[in-house]
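Have a look at the structure below before the remarks.
By written order: A, B, C and D. Residues from 1 in each chain.
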Amino acid sequence: MDVFDHPYLSGLFGDPELAVLWSAKAQVAHMLAFESAFSRAMGAAGRFDRHLAAQAATHIDQLALDPTTLRGGCARDGLPVPALVAALKADAGDTAAAIHAGATSQDVMDTALALTLQGTTTLLDARLRALNDGLSALSDRDGGADLMGRTRMQAALPITVADRVRIWRMPLIDHRARLDLARAQTERLSLAGPVGTGDFADVAADMAQALGLTTAQPWHTDRSGIVAYGNLLALMTGSIGKIGQDIALMAQQGIGAVSISGGGGSSAMAHKQNPVLAELLVTLARYNAGQAGVLQQAMVHEQERSGAAWALEWMVLPQMAQTTGRALTAAIALVGDIKRMGDAQT
Amino acid sequence: MDVFDHPYLSGLFGDPELAVLWSAKAQVAHMLAFESAFSRAMGAAGRFDRHLAAQAATHIDQLALDPTTLRGGCARDGLPVPALVAALKADAGDTAAAIHAGATSQDVMDTALALTLQGTTTLLDARLRALNDGLSALSDRDGGADLMGRTRMQAALPITVADRVRIWRMPLIDHRARLDLARAQTERLSLAGPVGTGDFADVAADMAQALGLTTAQPWHTDRSGIVAYGNLLALMTGSIGKIGQDIALMAQQGIGAVSISGGGGSSAMAHKQNPVLAELLVTLARYNAGQAGVLQQAMVHEQERSGAAWALEWMVLPQMAQTTGRALTAAIALVGDIKRMGDAQT
Amino acid sequence: MDVFDHPYLSGLFGDPELAVLWSAKAQVAHMLAFESAFSRAMGAAGRFDRHLAAQAATHIDQLALDPTTLRGGCARDGLPVPALVAALKADAGDTAAAIHAGATSQDVMDTALALTLQGTTTLLDARLRALNDGLSALSDRDGGADLMGRTRMQAALPITVADRVRIWRMPLIDHRARLDLARAQTERLSLAGPVGTGDFADVAADMAQALGLTTAQPWHTDRSGIVAYGNLLALMTGSIGKIGQDIALMAQQGIGAVSISGGGGSSAMAHKQNPVLAELLVTLARYNAGQAGVLQQAMVHEQERSGAAWALEWMVLPQMAQTTGRALTAAIALVGDIKRMGDAQT
Amino acid sequence: MDVFDHPYLSGLFGDPELAVLWSAKAQVAHMLAFESAFSRAMGAAGRFDRHLAAQAATHIDQLALDPTTLRGGCARDGLPVPALVAALKADAGDTAAAIHAGATSQDVMDTALALTLQGTTTLLDARLRALNDGLSALSDRDGGADLMGRTRMQAALPITVADRVRIWRMPLIDHRARLDLARAQTERLSLAGPVGTGDFADVAADMAQALGLTTAQPWHTDRSGIVAYGNLLALMTGSIGKIGQDIALMAQQGIGAVSISGGGGSSAMAHKQNPVLAELLVTLARYNAGQAGVLQQAMVHEQERSGAAWALEWMVLPQMAQTTGRALTAAIALVGDIKRMGDAQT
């Protein structure tokens, strides 16, 4: 039970849009999309019987598969695909011959992941823009206000609110460009077969187009695109965490350089207004920073497929994505809650 | 949606017993146990009206609180306790005066965590013993068999199965002793009040006894007991990961030093028997190793309470506990699945 | 005393070329290059007296500054620049007025770092090409040999040496492209003044050209370029670590899919030939993977300068760079030592 | 070139006492101590010729071995011991037969590490006591002063300086107890032979006594004692980092709850007094926190010896120890520099 889906902690940590995107239901839908497109493309290429292939694809498209039915197979096989394929074939009769043959579990799951990352990138990009817009509006409103510039936790020289907001925004713009580049190394079809040597030159372009992905050389054991994506997530939460840390510091009594509406209450001290979202941004930054270091360990992916290294990605990447998504919604909300930024006039 | 509660990945990663222990329902029950014991003890000490306090405790004991009702409050306040206290008082009438007054959110949540860790320790200890027993039986059966000792991935000198199993068991025994010591630094009442200065000398012993915990000096910002517990979890999964890595290496064709029943199937290669559980142990070890480094960041817990550092614990520790629990059940199952260990006779 | 400069461990871990680049002597030279270019450009812009500025620059260029003389100042100030500036001004007489005024410590050190990263990138890029060439030659020679494809530590289906080498090479090519992109976000002049608001529009282009860097908006607290560079280092060592892990697995007796000349000796077993470099690649990958997660913590860089977060970079990034450099030289050597790759004929 | 031995950064990060203890020279001395004690004990047990063994031990005791001479051997063998043993035997004539035979490299290096950790523990313990004394004196002097208790970065309720100092001290006292327990799992002779099966029952007690260590079951691949030690180091720097963070926050203008003598200067702002040591404590805490997560990865130590996992310890543990040592000296100095703690009277 992680904090993102937790009955009450999700109030603080949850990101409903990303939760849908990373849900088991969405993963199954993505895996079925792979299998359907695979049958269709193999049929079109004449590698499956065209008629059976069309039937198979339709069969797959119409299948309503409850994710929990894959649980037992996943326990046995270490991944859900054998059970999924068995379910596809169960009532398929002759069309079973035109299902999955030649592909492998990793093709299915890595392609499903590519689709999830595509949706994630789109969402995060839109939120980066929204956060950037919110900061721009803040700067438009309060940018001229004085703010004591502080270095090494000490008052240094006067700056303006605009100065500080400018450098908050700077990495966000860069992150959008980084996300754009990340598309090329993540939104790729995986189609390599059991040991990465399958020849699908006649099939890949069709499939990729059907799925909205690009084709690529088999990349099954080269996890650098995925891990680089995780790194980028941590960069984003890091930049946002800096904003949160700055706001929490500004909100201190005695500093008073920001006024926020809607702070959190205390069970013991009714007078308090806690900068809950600002602190949350720091938490999320520190979490993702560390997770990036864990995900990097998955790069040592031995031979033609590592069960151990691959499964480590499953434990880490979904949480990193949801952390990033929540950091963005929380930052957008927090910036919107700022009633005044700048040193109080004295 | 983490791997532990995931509709199908939980088949591989899930630990039903630990999932119950770390569920929101159990946390709420533990928080209510705190509040009930607090009202009772404050009444007994004459700090709450005795009659009201008894009524309040009964009221709390009988409350059925749906964890999801705390979601909105948690979003607002950054933690569930203000909403929980409000729920306790909602229908309490006069007895509301004998509820929570003088305590603080962190007292409630840290004490609830202490109870969860108590249950976790008991479970893990029993499983360590079971794994140790399983390894002992393995050594009894196959210990005399030859095994090529391997250092730096190279054949070195002959050893026996008993030799290798001995050093697998060695840390497990030490971990049980470490768990015993960990009880003293985790199974403690937290009762310090809003800024850690509350005087509850007349109340703490009663409460601790009621809850099955010990009393302690206020430790609200000293997270070393909790982080040390996380470290111990990572040590456990590390030791178990070594067993998994060894078994995965022994299971290679060409080495053939172990034969395992029930290996996982492949969607593409019907002839394969994958050492799924052995690989899983490595995954879990690498995950927890990294998480320990994230949890350690929570030690920098500023002033009288850090919302940022504290919430980082919530994101990491439950997953570490479940990882450890699953490593133990998987290791117990894997050892039980070993049909033969030792170099094949040639 | 880290492993890179250690009297004997440097035999295994050391990278003499990168050690020079990251030496204190080189850092001081880079800091002096900043100060000299700054005086000159400020003079050219008429912001320093032109004559004094030219004298100051010449004075700085001719200065031989022993890095150890900055030790006391660094202890006192937390960074070496105040002592460095004092040393520059010590014998400068009137020209002291044309030294450093308007710049700040972070400008000096971040620009010096940019120069170090520039040299590092050039070296790593050349080595990536050399490693890629070595692998290409290996594939040319042994590519046709049979190799059992292995997934989840189990024999799967036959592949060829060329198949495995192809996917070893794939990320290396991508990393070269990534390094190219990284130049834009690291080889930048830092010139922002004490709190990041200095206006150096008339100076920056001159300085940047003199130093071989580009100009950029003040980026003093946006550490994403530097942290992204560290992430890339970890990606590189990860990809190389996978090669090392594969070779160590192939070198096992019983597998025998690679034969390496010059393996390491044992103090106890004269018959052994240990795949020392292959194991080293795994060590370096796991080290850098974790360090990336530590460096990411430096993103939470509060206000206009964080002494705490900034100094964390100094503890981590130089080691990451040297780890990467050594991974490349070790991989190049290891690939060159491969006498035969492919399953032994039986 | 790490920050601990760096020509100028060592002014900030260096710890001369720990640097000596972790120097190559000390490691070589500890390895020679092992070899000398081994020859002597094997002679006493009649397993080496008594006369030759005595000569060998004397020969070893008198040897002046320049660590750099082991560099080439370390490059070749992946560790320094084969070259060290060769150097011991080079001029030894007949006595060579009474040197090292039956032991293995890991015995030598792990025992040398045990001796280094013994010295480290003694130093750290003394410093924990000194820091605790310094805090006690601070509390004696300023404990009665008012301090605004702050939770979630917000003013909460008034406390006293004594209240805050009490919880700073609490973990330090616990860490001393933890260090005491750590002795048992680190100050152990390693004597297991090439694959951990050597029988040295007649030798170990003698050797252990000579070296000031205890005997233990062979623990060569059970790294839990060493990794647990690293965890404890991170706990210590974490607790100290909390002190540093609190002081840096108190030192802010506008808060003004602490006055420190000897703050660091700025190259640009003569008026500033930076809380350099307070920030350093945070840096060191975050560094060690992350390193603990890296060291934990070394638990997956495959088979009878992992070159990869073992070498990871060499890259991480010495830095963790020096980080901890420096955190303690810096904290002691910082606490001594506090001229006044408590909210300014208004």
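Basically, a residue touches a chain if its C-beta (ideal position, glycine included) is under 8 Å from a C-beta of that chain, and two chains touch if they have at least 3 such contacts.
For clarity, every value in this text was computed on a predicted model and none was experimentally measured.
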Using mean Cα positions as chain centres, tell me which chain lies farthest from chain A.
D
If you tally the C-beta contacts for B-C and for C-D, which one comes out higher?
C-D
List the centre-to-centre spacing of chain B and chain C in whole Å, with centres computed as mean CA coordinates.
39
Centre distance in Å when chain C and chain D are each reduced to the mean of their C-alpha atoms:
27
Residues of chain A engaged with two or more neighbouring chains:
78, 150-153, 156-157, 194, 248-249, 264, 266, 269, 274-276, 279, 282, 286, 290-291, 293-294, 297, 306-307
Which residues of chain C touch chain D once you look at their complex with the stated criterion?
1-13, 19, 22-24, 66-83, 85, 100, 102-105, 108, 193-194, 244, 248, 262, 264-269, 274-276, 279-280, 282-283, 286-287, 290-291, 293-294, 297, 306-309, 311-312, 314-316, 318-319
In the complex, chain D residues that touch chain B:
78, 149-153, 156-157, 159, 163-164, 166-167, 170-171, 174-175, 178, 181, 185, 194-197, 217-225, 227-228, 231, 234-235, 237-239, 241-242, 245-246, 249, 282, 285-286, 288-294, 296-297, 299-307
Residues of chain B defined as touching chain C within the complex
148, 150-157, 248-249, 251-256, 264, 266, 269, 272-276, 278-279, 290, 293-294, 297
